[in-house]
């Protein structure tokens, strides 16, 4: 900080060339790569054990149906290998001080308990680990071990331990510790590893914290959590994905030997699938806003169900079909031609009758009530700001709106800047967005960062 | 010939390939082919573990050539080339076999698709044998940028560059900056007055020392390649500018749908019927009257004029729903007692704050009516009972055949690509889709770049878009451009044409056919020569050369023919062919 | 030149014609007085046009008995093929001599038709033919005296290397005598032979390289013309005058005799080394010279090319990628 | 209207008109179809409330006027609670019932009462005044009233009036009852016929065979007595409460109007006597219901009680006053307080009579009659519709 502030309210500050990017979904990845490829250092902070965010969970992307992993994983690899990107997983920002151009940031880096350099990814530890928990990456459709790699293509592709499900840590070291025994590398697993605090200085901050999905249990009349074959769209997304628990098969939720509800490849396939739009969106009782992507991903899921199970009947219950982007309307027409039944009228309630699900809806265009029996119901859940948005916004000094989305500086002409100089926002954390818009915005945020570093090299304060 | 050591990697692509192609069988079969040291398959070859596997194998088995059977090289050739480079192998010792788009995606018979995959991979194996190491080429980047189109997208890009201290040329066809946005009064969804915002933006652009605005101008020619373009800009008063620049941003924007084409709406026939563009003008003046000069009592706003209909444009124009709601609000303020009818097909208020706009608008006594946009457009005819017109259609939400009286009808005309898109696409070497919009490099992960390096498409020339999305795109393009300018250099195509002076006879067929002006005649030696910096490796000259003196690196006749031979040979015959 | 000086026994030379016009054999005679040199250096052991050596005499020779065989003409029937195999067996060096043996030659244009069409044309339809009984040549005909045999007429014409292994190629229709002499002298003098499969008696560069006509990059054609339609200025590149000249796609070596005679090159010397299909190569070159962007006009300009096959593939149909007319189901056409 | 088309014109003003019958953001409805689907009473042929909202939004008065649907709704509030847009469809059904009541009423009074509280107050006041004046002038308290206490200490109510014998007094009141019943019943029956005309006769799409009227007649009685449809709603307690009120009120009505001589007697019967038990049941039913409703209306929760039309309050207050004065009357009588009993009796009638006269044919109470008839009519229509509403489990989608 410069002291010329004494003779006025104005002083100058060199912009620190490093940048902090918070959140490593596709927005964070894109912004980091843009900045790093321009020759500047990036700290990429990610809360979970891997980068990739939600996009890594998807099977295909609308409307082109190209595979999400295919277009994302190379970017992830690039991030992982980039000499100018310092990737901090299992980390959260806890304090932001300083000034635009010279933010002093404290980062809490949780222990992964497995040495990132030494781990060879052999999997011996996980094979023996007795601790299990629902896999976050599989959206809870399957279990993972307490020591695990979030998914086979994760970056970094190294194991980590979840203390919540680790038997050793839950029993204060009285039980287990079997992973250490079976690890072929000395000193690789340290069950007593401590969290770290990291202090860095950056000139710019890019917020790309993304979203979480709406909790479908809040709409009790759809019976999510009660009826095993009422799924969220994200769960179906994992079922359809070849890397998911069923190797790409769409199956029923069944109980495993220990009584956990999970999906298995031999779970049996549905003969009819109904997709309900706007679950948790466009609803004053939940979120009044439109989540923008659900119509399109529902159409995509309908297509994928049809592709995997051609004989399965698929029904979409919608209010307005929001197929707005490039090629989207065409995609909608295509899905209709594929024989997916489109019903204008949102389902009101679901009951379970002899293992089958009964949906009651109004078929508005045909002026009748439909009581539809379906083997499986997919709830097209909306998007919500991810947890911790409020704390982060207060920490950094950025405004959020009533729904918890970050507010941009100017809704018209500056969709990435914020009222706080030096802080830009990218992706869904600013409001629901599809992938192309997210990527464009992330690049735009990067442009703002590059421009600030490069141009004046100085920031003016008033 | 020394022995080739080829590694073959077959990707599952999750289930995308594995569902239709027996990838395990393919890799097993390929292992038998001569020269193939090993053949493996993996779930996601492009992922970190997949690439790692290739790198480790190259080192361990001393592989000198790699075949990856996966998706289109357009998606992942760069990925795997980098992997080869990381393993210490020349990146051009790679050949990809596309068993995704060209095989698993388009077939339904698993046995046949597997057979085809084998042929494709075998062909790639035969080709890679003839690959030669090529050297990367690096060129300097000129720091200036050419921006075609002075609308919001173009101006935002120029300003963003200007703030980074980089110069740009902003070429605008008309006599003023601002484009479509300059015609607006309010923005959606917050209904802010944008007149000042836009004029401020224009002022900032005009004031910037880093932006050279050229009005009434069109780009006549663009030559060169990323980092090193030059072009000629001509104004209507015949002034010519010769400029040099490193990158190009195309932001030519949109034109609105011609409402006269809509048979049912009688745009030319009824003075009550106007377009949304005309309405913007009216409302900017603050006086809403129809063409007869009468202040309307019944106002109908018809959505999707020219959009979402096979007879006009199939696509959705993305912004009209919100604009229509905006108009309803403006009308409610100006004419508190008027009846306002909104006729829509699907209410597509998807953006942030837009659903809320829809809700608040619906509280203002506006009647929303749904019609069938695909099958049966409303019919506007003269009202026998009153002065204006009457709109007849089947209202879908009630199933009733209804009539709506109107003395002002606003048609929400959709967006179309600008009429000069075609010439710009020729100039800058980018492609257009069937609707006339420019095609981005990748619809998901590269929404602003194009297949021509150094040329970016932003705003509504890429697809219909609102202002913030256009601005985002403009800035995204700037990020990419700044990165190349800051690095100062950029890698360019190495797969250029090459002339064998021992054969060239100086006939000069190659010179006139080169679209990049890369070939010239060396009179002293009586041969043609290629400027590798300008050459983009399109192969036109190699085809045109009657003497067989020109070949394109990485696409030699030998390579292509051996690939074809591999493709034509049945897999089990391949072994024989190779050993002979 | 005297071969005895080399202290070697005289070479044994054979010259044979397959499907040929005889011009190649005559070209050997065209060396004029140098024929004495040849005879001095070599014994002609087999030369049907000049000597009465029987096939069975050749069959009686030991393998590799002949030092050099100059095989001219294409392979059109079973006799040609038999002799190609026989001479290969008996010769140390087998040379494909002339365009027909090299690329299939003028007879190769018959590959654009099949056997049935050819026979019909020749034995039924030609204007001077009266054959109401529809008699076609047969390989075996029984007459009182016994069985008469004729060679079997194949469905297609092949170049020599499509039938047997060839050591060298001397292109031309016919090869120029000077080139023949050069080659012969080189062999006799015992200088090192080029690698097997080489085209000898010609150059790497195309004909254009020698051609003295003025060339520029202004090859823009609105209409393709035939020689009689142009008043040649004698100095401008033929192509720039709208004539199709195969010079840029053809090896030099002929001494551009045609061009000196103000006639465009017809490509008898065959393609330069890296060309796979000379006709196709020339066609794509010519296509780029078409001066129009209007699809209809382009078609019109292309239509102005008379006899494209005869123009671009005059001597090279059997050697081209397409080789011959596709016969359905790949069944050999039988004439009964 | 010219040409071949018989298209209906939309009427944007109608929505404003309907706001007089109840407040709601009905224009906010964006037609997701949730309300119709969540309503267990909505069925093919009679879809609501979304259809009704649409008809209202478009101002298709004719269609609304002839619709039965509003009467089929018991206002459980599920639709409004789950409405994603706060459009409150249930409240619209309520408002439509008010509106339809005015449309059925040929006198036009109903409309006056519903759209103007002043009119209603005035009407009530006039009738109340008439009752009071009639009593004070024609049936004054006999001077020796204090003697009119029987052996069990209860006031002998029929003997309180001067110059009229106890028998005569009961008969007089009974005549009054009958007169009131005839007027009210006449109005109600003609209104019901009006309803029948609008919903059945005017609807040219269905032709109901005579036999159906007999076959389905039991529905009328059954639904009136049991409110069976309401029991299909998920909130069964609402049905129970409503049943309690309905039976209580009906019992009281029948006792007072039909069996007055057996009810209004001089002696005080024992507590377990049928007459007292029925009275207590009815009083309890009404009071219990009223208590809850007043509490809920004041709290504006649940959603069904969020908006209260003037007619709602008037009805509640009148009913409460009737009940309360009835109870007080009962207490005074048992306590042998002669004068108090007399005046309370007058007040009781001054509340009761206007309530019945105004409420039953013209206002809220009329639904007691309209609703069972609506169900009856709907069954008639359903039975007649060619395409019977066979519930399809797998829809054939176009």
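So that you can tell them apart, the chains are marked A, B, C and D in the order they are listed, and the count of residues begins at 1 in each.
Simple rule for what comes next: a residue touches a chain if its C-beta (ideal position, glycine included) is under 8 Å from a C-beta of that chain, and two chains touch if they have at least 3 such contacts.
Worth saying up front: this structure is predicted, and the values here are computed from it rather than measured.
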| item | value |
| --- | --- |
| Of all other chains, the one whose Cα centre sits farthest from chain B | D |
| Distance from chain C to chain B - Cα centre to Cα centre, in angstrom | 52 |
| Averaged-CA centre spacing for the pair chain D and chain A, given as whole angstrom | 55 |
| Chain A and chain B: spacing of chain centres that average the CA atoms, whole Å | 26 |
| Distance from chain D to chain B - Cα centre to Cα centre, in angstrom | 66 |
| Chain D: positions in contact with at least two other chains | 30-31, 51, 85 |
| Where chain B touches two or more other chains, by residue | 347, 359, 397 |
| Each pair of chains that touches, named by its two labels | A-B, A-D, B-C, B-D |
| Of chain D, residues touching chain A in the complex | 30-38, 42-44, 47, 50-51, 81-86, 391-395, 397-398 |
| Residue ranges of chain B touching chain C (in the complex, touch as defined) | 500, 502-509, 511-513, 521, 526, 540, 543-549, 551, 557, 561 |
| Chain D-facing residues of chain A, complex | 221, 272, 278, 282-286, 313, 315, 319-320, 341-349, 360-364, 366-373 |
| Residue ranges of chain B touching chain D (in the complex, touch as defined) | 339, 341, 347, 358-359, 362-363, 365-370, 384-385, 392, 395, 397-398, 400-405 |
| Residue numbers on chain A that touch chain B, as the complex places them | 26, 30, 34, 37-39, 59-61, 64, 66-67, 69-77, 80-81, 121, 152-155, 157, 241-243, 247-248, 282, 288-290, 292, 320-330, 333, 344, 364-365, 367, 405, 408, 410-416, 430-432, 435-437, 439-448, 450-451, 454-456 |
